[in-house]
Structure formats: C-alpha cells, structure tokens
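Which chain is which? They are A, B, C, D, E and F, in the order written, and residues in each are numbered from 1.
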Amino acid sequence: MLFTDLAFTLSPGDLLYVTGENGAGKSSLLRILAGLLTPEDGEVLWDGADIRGHGVQYRQSLLFLSHLNGLKDDLSVAENLSFAVRLTEGSVQPERIAQALNAVNLQPYLNERVGGLSQGQRRRVTLARLWLSRARVWLLDEPFVALDAASVEILKGRILQHLQDGGMTVLTTHQEVAIPAERVHRLKIA
Amino acid sequence: MKLRYKRLGLILGAVALVAVAIGLVLNAFQSNIVFFYTPTQIVNGEVPKETSFRIGGMVLEGSLKRQDDGLTVQFAVTDTVNVVPVTYTGILPDLFKEGKGVVAQGALDSQGRFVASNVLAKHDENYMPPEAAEALKRAKVTQSPAVQPDGSNS
Amino acid sequence: MMAIFFAVLQRDLRLAWRKPAEAATGVMFFIIVASLFPLAVNPDPVVLRGFAPGVLWVSVLLACLLSLPRVFALDYVDGALEQIMIAPQPLSLIVLAKVAAHWLTATLPIVLLSPLLGMLYGLDSHGLIVLAGSLLLGTPTLSLLGGIGAALTLGARGGGVLLSVLVLPLYIPVLIFGAGAVVASQAGLGVQAHFSLLGACFLLSFVLAPWAIAAALKIVME
Amino acid sequence: MTGINWFKYAAPQTFFHLSGKWIPVLGWIAFFLAIAGLYIGFFIAPTDFQQGEAYRIIFIHVPAAWMSMVIYLAMAFWAAIGLVFNTRLSAMMALALAPTGALFTALALITGSFWGKPTWGTWWVWDARLTSELILLFLYVGFIALHASIDNPQRADRAAAIIAIVGALNVPIIYFSVQWWNTLHQGASINVASAPKMAVTMLIGMLVMTLASWAYSVAVALFRVRCIILERERHAAWVNDLKEVKS
Amino acid sequence: MMAIFFAVLQRDLRLAWRKPAEAATGVMFFIIVASLFPLAVNPDPVVLRGFAPGVLWVSVLLACLLSLPRVFALDYVDGALEQIMIAPQPLSLIVLAKVAAHWLTATLPIVLLSPLLGMLYGLDSHGLIVLAGSLLLGTPTLSLLGGIGAALTLGARGGGVLLSVLVLPLYIPVLIFGAGAVVASQAGLGVQAHFSLLGACFLLSFVLAPWAIAAALKIVME
Amino acid sequence: MLFTDLAFTLSPGDLLYVTGENGAGKSSLLRILAGLLTPEDGEVLWDGADIRGHGVQYRQSLLFLSHLNGLKDDLSVAENLSFAVRLTEGSVQPERIAQALNAVNLQPYLNERVGGLSQGQRRRVTLARLWLSRARVWLLDEPFVALDAASVEILKGRILQHLQDGGMTVLTTHQEVAIPAERVHRLKIA
C-alpha cells in the first residue's frame, strides 16, 4: 500500500506538481493516471467516466512520458518522432517534425540515428513530442532530468504555453523548477 | 617480484596443460577414429556390431561378379592383408573398378559377409594421362607386385 | 484502422532492414543446426533421408523460437511498448502487425531456404515441394503462438529458455502435422489431411492469438 | 634495419594511394593467368587415366580449397596484428579478406560436391575433410556477421579479431584431416616431402590457376580496403581532397 | 587471489538460486527438445536407439547455447559488468568463475538428467554411462567456448541468434567426439579415443578461453 | 572527435566539476578516466604512469559510479553492497554495511530485494558505496540525479569529507550543487 486518501481534480489550465521522497510512489501514481497500473482501490475518472472502461477517448487526450524514452536506436530522430505521432494522432507533416526539433535545438540531428546520441540528447528527442502533441493531459515523470540549463528553460516555456492553451499537466520532479503558471497545485506523497 | 613469479607459474601451468592435451590427442590417434574400417579391423572384430558402418579398401582384382538381375554384384575388399566379401544391389559409381579404392556402407551378416547399402568409389591422389598409367603398370608388373594400398591415406 | 497496422508493420520492417545481419543470422542458425545432426548420428544416406522431415522441421521451429524474444523484448526495455499500450488504437491490431513483421523477416527467409537443405538430406522433388508447402502454411502459426509466449515472458527472468518451455508444447501439433506431411509424401501417401489440419491450426491461432497477446501484454505491463 | 619506415605504409592515407596503383596491375595479372590456366586445364592437359574428363574440376577446386585456407590464415594474422599493435589498417585488411575467403570456401565446397557425384558416387559425405571445410565457411560467416552487428568500427574490428584467431585452429585440422583420419577425400598430391603425384601439364595448369586466384584475392582485398578506408575516414581532410570524391 | 574467484562464484550461484525456475527451464527445454524428435520422425524403437546419441547431444548443446546469454548480458545491461572490469583483480579469473557458475547451474543439471532421457530412447546401461561421461567431460568445454561468444555478442544486435552462429561451429568437434563416443559404445567399440579427444578439447579451452573472454570483454565494453 | 586539447592535474583535496551541454562528452570523459574507454590520442597518468599499463595500482584507488547502478535486482541491498566491496578491497564487516546504509537513510531496507526499490532508492544504494570505499579517486557521473532534497544534502556532506581526508573527486552534473570545498576546479567541455 503506497498511498491512501488521495483525491484531486484537474481542470483546464491546471498544473500539478507531485512531490515526495524517493520511493514515495510518484512514478506509480503517474502510471495509474496513464492507465498502465490498476489502483488497488479507487478510480481515475475522465469526463466523469472511469478510464478503465472508456479508455479510447481518454487515451486520445493523453501524453505520458515516463522515465524511459521509448526511442529506437536504429531509427533516425525523424522516424522515431513520426512513428510516435502516427501512433496517437494519425499522420504528421515532416515540417512539423522539423519545427519540433528546432524547438529543442536538435535540428542538425534530424536524420541521425538515435543510437549515437547522449543521454540528454535522447531525452530532448522524447520531449520534442510535446511540440507535436494535441493531447490535453500531459503526464511527465521527471522531465528535467539529464537536461542542460538551456533545455530546462525551453521545456518550462512549452509547459507554460500548454497550460495557457487550456491543457493540464501533472509532473514529478526533485529539482526546484518554478513554472509561473496561474493555477499551480502541489501534491506531496508521504 | 612476487607478481612475476605468479605470472611465471601461470604460464608454466598453461604449458603443462597444453602438453597434456597434445598427449591426449596423440593417444587418440593410436586407436584411430575412422570414417571407414579396413578389412583387417573387420577380421579382428574391431568393428561396430548391430549398426551399419563403412568398409574401405581396394576391390580385389578378379573378384567382381554380377548376378543375373544385372543389379546385384559381389566383390571382395582387401587391404592387401585380409579380404572381406561384399554384396551390393544398386548402381555402382562410374569409377568403381577392380584394383581401385572403394568405400561401402553396410553391415556384416551372419556369415561374415558385408552387405552394402551404398557404395562409393575412392580413388588415389595420382593424376596422369592413360598412356603414362599404362607404362607405369607395365613397369610394375615386370618388378614385383607390391600393390599400393589405396585404402589408407599416405 | 488499417493505417495503424501498416504504420507498425512498416516501422518493424524498417528496423529489421537496418540490421540485415539479424535476419541473415537466423538463416545461418537454421543451416548450422540442420547440419549438426548428420555429424552426430550415423550418416548413412538411407537413414538421413528418413530423418530429413523431422530434423528440418525441428530446426525451423528452433530458429523461429530463438528469434521470438525480438518481437516485444526490445520495445519493452526501451519503453516503446509502454507508448504503444497507451495509444488510442486497437492493441490486437498492433500486435498482429508486429507478429506479421516477425514472420516476414525472421521466418520466411528460412522457409524459402528449406528446399536447399532438403536436397542435401536427399529428399526428392515431390518431398521438397511438400516440405516447403507445409512450412509455408505452418510457420505463421508458429509466429502467432510464439507471440503469446513472447508477451508473457516479458520482464520475467529466464528469458529465452522460459519462452521455449512455454511455447514448445503449443508447437507440437504443428510439428506433428507439418513433419507428418513430409513423411507421408515420402511414403507415397496423400498429404491433404495434414495440410487441412495445418490450415485449421493457422486459422484458429489467427483468430485467437492477437487477442491473447494483447491480454498478455496488458497483464505483464502492470 | 633496412631504413624503410614500414609504419608509413601502415597509414591508411599512404596505403590508399599505393594500393590504387597495384589494383589494376594485379587485376590484369589475375585475368590473363585465369585465361591461361583454364586453357591449359581444359584444352592442353591430358585426360586422366581413371577419372576421364571429370577430373578437370581440379583446376578450380584445388585453387579454391587452397585459397580458402590461406585467406583464413591471412585474415587471422592481420586480425591479430590489429589487435596487438592497434594498427587500423591491419584490421581493415582482415575485414576485406573475409568475403573473398568465404567465396573461395563456398566454391571449394560446391566444386567438391560436383566432383564427388561422378567420382565417389555421392554429393556429400560427413568425413573429416569435408566437415572441417564446412566449419571454415561457418567461421567466415560468423566473422562477417559479428562485424556487421557492432556499430562502432574499431570495436567491431577487435571483437571480430578474437573469433578469427580462435577459429584459426581449424585450418591445420582441414589440412591434416586426410592424414589423421581415414577419409573418403584423398590425400595430398602435392607436398614438400615428395614429388608431385601428378602429370606435369596438369600440375602446371593447377599452379597457374592458383596464381590467378592469389592475384585475384589480393586485388579484390585491396579494392575493398580502399572502400573501407574511404568510408571510415570520410571526415578526414585528405579524403575530401581526393579528386574522385570531389567530382 | 582465489578469494575473488569464490566471491564471484558465490554471487552467481546465489543469483541462480534465487531464481530456481531459470535452471529448471533449461532442464525443461532439454527434455522438450529431446522429445520433439520422436514426434517428428518414425518412433520405431530400433530407429530411436540409433538416433539417441545424436539427438541427446544436440539437445544438450542447444540447451547450453540458449542459456549462454545469461553469463554476461544481465551484468552488462545493469552496469555490474562495468564495475567488475574496473576492479583491481585479474579479469580472466573472474570470468572463469562466471563460466564455472554457468556450467554448475545451467548445464550440470541437464547432464545429470541425461541418462533418464537416454533410457527412454532405449540405450543400454553401458551406453547410458558413456553418454553421461561424455557429457560430463564435454559440456565444460561448451561453457568455456560459449563464454567467448557470449562476451563478443554483448551490445551487438542480433543477440541470441548471432551468438549461436558464432559458437556452433566451435561446438562441432565436441559434438562429433561426444556423440561419437556413444555411437562407438553402442557398436561395442572402445570409447577411449573419443574421451581422450574430449579431454584435450577441455584442456585447450580451459587454457585459452578465459584469456579470450577477458580480451573480448575489454573490447566490447569500450 | 569529441574534445581536444584537454589537460588537467588533480592533487589530493581537489574537486573537479565537469560541465557542458548535453552530448558534450562528459560521460565519455569519465569513462576514459576510469580506463573503460581508450582515448584516440593522449593518455591518462596516475603517479606518472599510464593507467593502461599499470592498471592494478590505479584501479585499487578508483571508485567509478556511472549512470548505471550496477545492482542486481535479485540480491538484497546488503548482498549487493558486500559484493561490490569484495570486488575492490577484499572483505568487509557486516556492521560497516549497516552503517553505510544508515548514512543514506536506507537502514530498513538492509535485507530487502533491490528489485522492489524506486529509482531514487536504488541510486542511494549505489551511493552507499561512498561510505564503504577507501579509494582516493572518485568519478561520479551525475550523482544527484533522481535524489530527493534530503539525500542531496547527505551526499554533498560525504563528498566534502572525502576531499578533506585528502581524496579527489571528479563529478558531472547539470544541477547547480555547490559543495563548499577548498579547491574547486571547473572544466567546461564545449
């Protein structure tokens, strides 16, 4: 039993920081929200319906980045991103991928194999999906890990914009990263 | 210094093990592992029982007899010391000739006769035009009939 | 809906294409295993011909088995599978695409090569045709059933071996009918019954396996 | 010792230019020797007293079989040098030799089978000579496959070198198998200890074909090394200055 | 110096012990593969007895092969191998310990079980003893040679299949001598020559393999 | 070619921060220093001798924690640590392991399987080796990643103490973690 008595509601524009010590259950909570893990008791509702039942609508508005990057070493950066988008929203124009890479400062790597990138570069490829997604709910597990200072700023900007566009974001982090959003909630898991 | 002795010990140990390995290999070749058995081994009973095996040697000159059905043949295989009779039903390879090498697969029947299921021709490592072979043959006949044992490899 | 099928198929084929050595090594494995047996038993040609159906079918089966972990394991480790599972797409269709890609890249080349090996074992031309035919009809079933095992053993230790133990019992009927067809053709009997059974196995697994694989994935990803 | 700086030739750049001159020469030598060898083999050499015309496969089979072993030894040698002295070029040599070696091994196996059918009465038997030659083919394929599946070229070179060296143990087994075991394959017609057991024209035909194979192997290996150099040093300045690359 | 040998051995044995299912699946794989053949070929007792040495030896060899990736792959992925490589200890001794642990946990149980399978195939008691003896003498060589392949294929794609293609050619002599011993004993011939050759293979690989494995690890970890 | 013209010397008590963008080559540099990677050109000297030649002495005074934890899921925390110590310095008393776990606040997990721990807890198990080691050179690749705030403080304290005891430390990090050491050097890889 990791946590009990935990209840919250997110509305458009909400940012939720999940904090807590190592092993408190932050990652587990995010996996539950993504529908990958079933809670022992309790439920996750979307538009008033349990996500286990009406999965497709919920999953259409979901973007979950776990601490794994989900990239294939043998595909190029562009191929990886285009597959990720096709998986969730159908098709994508190549220009949009180029723009997204531009946003994370990886444009020279467009056609490079992902296998040859460093830890932080890979993380940035994954984060480029934030520029390609139309999902309303973002679940981000320690998105700032392994990023250099410049990249952290860029990412903060993107999250802020998403919130202003009426999206919702749940993120975990140990680093103090202040995002100047309007409605910030904090959830501390003990 | 101590490290050096240790290393020396390791190397000596390795050399000793390799030497033992070579000894074992040589020992194995004493009682050789074979693709085929020679007539002498068959006569001495050093061949597999029950299962099929191969016999190798030369077809004894003048021993080849065809039966009426045209397919069954009988011949004798020799390594110049011992002779084993063989019967076979089937098509012989082109190079099957008296006085030439042969390898046959099969088993011994109750009378010590080798019943072959498959016959291969084994020829020697000499290559020459027919005339030269003829000349050589004549030279041999005038000397003594020291037949070259085809069955064993030089 | 078929768009996602082809998207996944294309990705997996492309991944395989980037590493042609992998498919090639599968084929090599088949050749080597198939040539181990004559080394280890009495290589009497008559005996060998009797062996051929069994040995070749078992070799194909093992080659297929060895390549199975590739269907999901890599995607599991690097997190790509996670992303696939939360996609708003029918999971059984996606896994079907992955299994199809596995069959096309790992098994089909072996099937195409099998007549050559059959020749070395001394099969006649009719036997060769039956061998290739039975493999062509039987191996998709192997990929489908294998997919279930591959999904179930994700994250379990013991990897390849555990997978084999799970999957091999399921393979036995296919093996019996497939090798049986070749034996029957050698004996001059009809092979239609064997082929019908192979076809039935294929259809059944085609209907059930994608669903079972999807269920297995959901369970192991928890 | 001789005052020549051998390491100079071990630099890919020097080697690239030097080998460029040798490839056409060796190529033409291989071509003419092959023509001559085939002519001697198929038109001049006499029929064999026991095998008739079938023996003429010897002019392809034996050179191929010899090359399959020699190339493996050369490959293992270069691989070992590359591993020990960390010279880039030797590893490239090993890699460049492998496909040619595999080709000759396959050729020896195929021509051997074709020869076996009319003479022995079978395509294939599992005797020591034939089996160990088959293992040689597997070793070549393993070397190539391992190299292909490691991305970093230096690491691939060194990893493949280990398998090349370990596999070299197989070559003496192939060569001496006919002496150590009773095999269907006959013993050596040619060795240092005794006179060739073969008519002179036949022998000449075979030797000419062997020389042609040598020249061919060296030329192809050099050509491949040049390709590998270009690929691996594509970022180096001297490669970009080459006129072939510029145009 | 031997302290590190035993420390590594103990750790690997303990790891295996924590997952007894793994060793058990190796044994299960052996049993299943060995019983596939009678299904796929004519199950006539005389024919079966002729098969036995070949099929059993090949099954052991494949079971050993399948478990090989475990020797190093897990340590490679989780970074434990890195730590082993920078330890101030002779690497060849450490790898020898790892190979020994692999043999003890993955192969020895199979060897001990082989007489049972041999009985099912109708081998007589002398044949069973020779089978077990040849396996006991031959399988350590398989583990040692396999270790080279396992080390070389770390981080290479194509995993298990590439490993097989690399290692199987090296296994062929052991297979020939090992199965040959059983065949010879069935035929009522002496088996001393075969055992000598198996012993020679073992000694040679015992001397060379740890060195080759250590070298291979250093290369692939770069 | 990742970096050229890079030279530095470390003396007892020195702390070296390696910084640089994602993909600059920080991790690669640490692997070179650990002797796991051979530099294309140049050398790493220890006591005046190349570490490739006289490896054993150097490796005896080396502790390298990469971004992998090197832990076995199926062994307990104590077993993992005791093996790590036996690998480098012979044997170890159980009490010292308990003390080290105490230091990283993991004492309740002494006999737990590592497989059941969260990301940050695993990282702390690995870091417990810093309390068990007598090595003089520490190479730490992003040691603060995945740690909660309390753990970060503890780790900083340990590094400081090591430096005061005459040890040397090379570490990479993207987070600003100020360790109040006497002699701090910074190496920025471009």
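Couple of notes before you dig in:
Simple rule for what comes next: a contact is a pair of C-beta atoms (placed from the backbone, for glycine too) under 8 Å apart; a residue touches a chain by one contact, two chains touch by 3 or more.
Quick caveat, the model's predicted, so the values are computed rather than measured.
Chain E has its Cα centroid nearest to the centroid of all protein Cα atoms in the structure. Ranked by distance of CA centroids from chain A, the top chain is B. In this structure, the chain pairs B-D and C-D differ in their number of contacting C-beta pairs, and the larger number is found at B-D.
Among the remaining chains, the Cα-based centre furthest from that of chain F is the centre of B. The distance from the centre of chain A to the centre of chain E, each centre being the mean of the chain's C-alpha atoms, comes to 46 Å. Chain centres here are Cα averages; for chain A and chain D they lie 56 Å apart. Rounded to a whole number, the gap between the C-alpha centres of chain A and chain B is 75 angstrom.
With centres taken as mean Cα positions, chain F sits 30 Å from chain A.
In chain E, 19, 50, 157-158, 162, 165, 168-169, 172, 176, 183, 222 are the positions where the chain touches two or more neighbouring chains simultaneously. Shown for chain A are the residues in touch with two or more other chains, namely 74. Each of residues 122, 125, 131, 138, 141-142, 145, 149 in chain D touches at least two other chains.
The part of chain D that touches chain B in the complex is made up of residues 46-51, 55, 58, 118-122, 125, 127-128, 178-184, 186-189, 197-199, 202. For chain C in complex with chain A, the touching residues are 3-4, 7, 11, 14-15, 18-19, 74, 78-80, 82-89, 221-222. Taken in their complex, chain F has these residues touching chain E: 34-38, 55-57, 59-60, 62, 64, 66, 68-75, 79, 83-84, 86-88, 90-91. The touching residues of chain E, when paired with chain C in their complex, are 19, 21-22, 25-26, 28-29, 32-33, 36-37, 39-42, 47, 50-51, 53-55, 57-58, 61-63, 66-67, 69-70, 157-162, 164-165, 168-169, 172, 175-176, 179, 183.
If you check the complex, the residues on chain B that touch chain E are 6, 14, 17-18, 20-22, 24-25, 27-33, 46-51, 53.
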